[in-house]
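Structures follow.
Look for subunit A in each of the two complexes below; its partner is subunit B in the first and subunit C in the second.
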Partner chain A sequence: MNVEINGPKVLGYLFGNPNLPITETMRNAWIVMAVILFLCIFLTHRMQKIPKGKQALAEKAVVMIDNLVENTMGKGCQAFSPYIATLLMSSLFGSLATLFWMRPVTADLNTTLGWALITFALITFNKIKYNGIGGYLKGFLEPVFVMAPLNVLSEIATPVSMSFRHFGNMAGGLVISTLIMGALQVLSKAVLGFLPVPLLQIGLPGVLSLYFDCFTACMQAFIFSMLTMAYVGDARGSS
Partner chain B sequence: MDIFQSFVYINWWNILVTMCNTLITFLIIKKFLFGPVRRMLAAREQEVQAMYATAEKAQTEAESMRSEYTERLSKAKEEAAEIVGSATRRATVRSEEILKESSQQAAAMLKKAESTIEQERKKAMNELKDEVAGLSVMIASKVVERDIKEEDHERFIEEFIDKVG
Partner chain C sequence: MGIDSNAFVAGMSALGAGMAMIAGLGPGIGEGYTAGQACAAIGRQPEAQGDITRTMILGIAMAESTGIYALVIALILLFANPFVGNF
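Presenting the complex of A and B:
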């Protein structure tokens, strides 16, 4: 049998233009956004002075993210909290979408690269803001000017490594899960061919999914947010 | 026939869509999660601070009232002690005065009585003298049977009595 591992399905084209495809990733991202919008409105609906249930959850989340941002980036950086929360929730829900029969949003390089480029823009903007454009350019010549190419390379490597790390983890899980499913189906047919269903597919993929989908999703969301905070905080703090 | 994109690819259109999605999600989270929650937290903090301020004010008020009352109480106690002391002093003085007065009165009465007694005694003595003189004259005149002028006799007798008494 054949096991196909494809990129995101193209669902259609915007304005019929083949350069503007609407992919499965986009659709799933929009679903994730709708979920986030619903969650935000639901959790903060009818807030009271004395918190109860869902409101306590919302407050806890906000305070936790605020504390995380403050501890990692230093004081006065709470304006970044919503962006960090955006990354955390988009990444987490985008990865966990696989639990709901959707292709993970983060298993598409364009998604993680888009986030990494925003983070890269934030890093560069903050570096220039706090060091001046001269200080920013001078930073490439340190410790000696010979290092300039390497410094440029490391600067570019930041978003690339961030995006490929996240994408690789999710896509790798997807590939491994698909391969194991295919292999188990073949095995099932060979050993228990008299049964109408591939029985061996029960069990092992579920356990592996716990690691590849749930654990990795939480891990990568956290890592991506932490790296963003660390890099941007470093850019602000190096003044 | 489904069309798939390749497994690893970079397409600027897809990246642009991702960025727009992220921006919209950012706005959603900022407006619908962080906005209300932060407003609520700020309102609660304000309320707590107001409560603390009120409590502190009440406490300082109570404290000042307590000290005032304590002061007043001690003052009243002092006053009472003073009143009692002065009353006692006055009573002592008065009693002493009364004692003195009464003893003086008693002494005056004693003196008066004594002088009255003396006077009476003198009066009685004189009467006695007169009697005795009269008697003597009478006796003498009877004895002597010589009429002597009464005044002379009286003089003699008085002299005699004086010498005797």
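Presenting the complex of A and C:
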């Protein structure tokens, strides 16, 4: 039985410096970015006054995300929809990359923690912008000043829990599928050992992949952007 | 074949990883309850289905965090064990 569960492989080193490894995740992230860029250019190529075909698809997607942002964060928050759309698309395509024999970009804590830190910066910026620096600092002393350490902790817990949630879901799916793949191999060797191929590996992994890869990917992309909108909207609304 | 310190630590880590996943109980119960309440709410007010579903998904995602923390601990114990090799 050979079950291999590894982190992203190191493909090489930037400038030959061992402190700057180039991992599988980074390569796949660049591929995903290229695909998204190509889609954006392709779908909006030769736009017309009356949309049809691919342009209608692009307009539908943009309007959908605009509406989502407006419904969740309230009016006057349209400036956030490009960021939300970026998060949604990167997360969705990065997770669905696993359907094309690539390691999912989001099954790496570095990716999700990076996104969560951007969101955290956005939250803090908006809190300071709408409450003033004094109001922001005073927010830590509520409801009583004894709660200050707990408030600081809960502030730090936001990006940590966001990134761990996304990473945990994707990596957990990866681990479970790999383990089941190995178990099915052993089982088919024991039960149907006379066949040259592990026959029992057909079927079940595909069904599991539908849940762990397709469903979880869409769900986590949606949840990550929804949480970003909720937190940022909350930071703006508390003024 | 004797059990040396590293084998003992590895075995105990596997046991710990399994026990950490007992934390899956809590989110399971909580999410089930949330989904049930959302069903009841949609039954009372079918026109608010979109809002209720969105709020439910957010709530479920929040409730899931504890389970995910347990999963991360289990994964660390299994694949990136900090204790193996110290003895």
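For the reader, a short list of remarks on this structure follows.
We adopt the following convention: the second predicted complex is superposed on the first by the 238 of 239 C-alpha atoms of A that agree within 3 Å, B and C clash if a C-alpha of one lies under 4 Å from a C-alpha of the other, contacts with A are read in each partner's own complex, and residues count from 1 in each chain.
By definition in this document, a residue touches a chain if its C-beta (ideal position, glycine included) is under 8 Å from a C-beta of that chain, and two chains touch if they have at least 3 such contacts.
All values reported here derive from a predicted model rather than from experimental measurement.
In the superposition on chain A, A:91 contacts neither subunit B nor subunit C. When the shared chain is aligned, subunit B comes close enough to touch A:25, but subunit C does not. Within the superposed three-chain model, A:171 lies in touch with subunit B and with subunit C [touch as defined at top]. Once the two complexes are overlaid on the shared chain, A:228 sits clear of subunit B and of subunit C alike.
When the two structures are aligned on the shared chain, A:5 is found in touch with subunit B and with subunit C. Contacts of A:161 after superposition: subunit C is touched, whereas subunit B is not reached. Once chain A of one complex is fitted onto chain A of the other, the partner contacts of A:216 are absent, as it touches neither subunit B nor subunit C. Once the two structures are superposed, subunit B and subunit C can be ranked by residues of subunit A touched, with B on top. The residues of subunit A shared by its contacts with subunit B and with subunit C are 5, 7, 171. Against subunit C, in their complex, subunit A makes its touches with residues 5, 7, 72, 161, 164-165, 167-169, 171-172, 175, 219, 222-223, 226-227, 230. Residue ranges on subunit C touching subunit A, taken from their complex, read 54, 57-58, 61, 64-65, 68-69, 71-72, 75, 79. Those residues of subunit B lying in contact with subunit A across their complex are 2-11, 13-19, 21-22, 24-26, 28-30, 32-34, 36-38, 40-41, 43-44, 47.
On the side of subunit A, the complex with subunit B involves touching residues 5-10, 19-21, 23, 25-26, 29-30, 33, 36-37, 40-41, 43-44, 47, 49, 55, 58-59, 61-63, 81-83, 85-87, 89-90, 108-111, 113-115, 117-118, 171.
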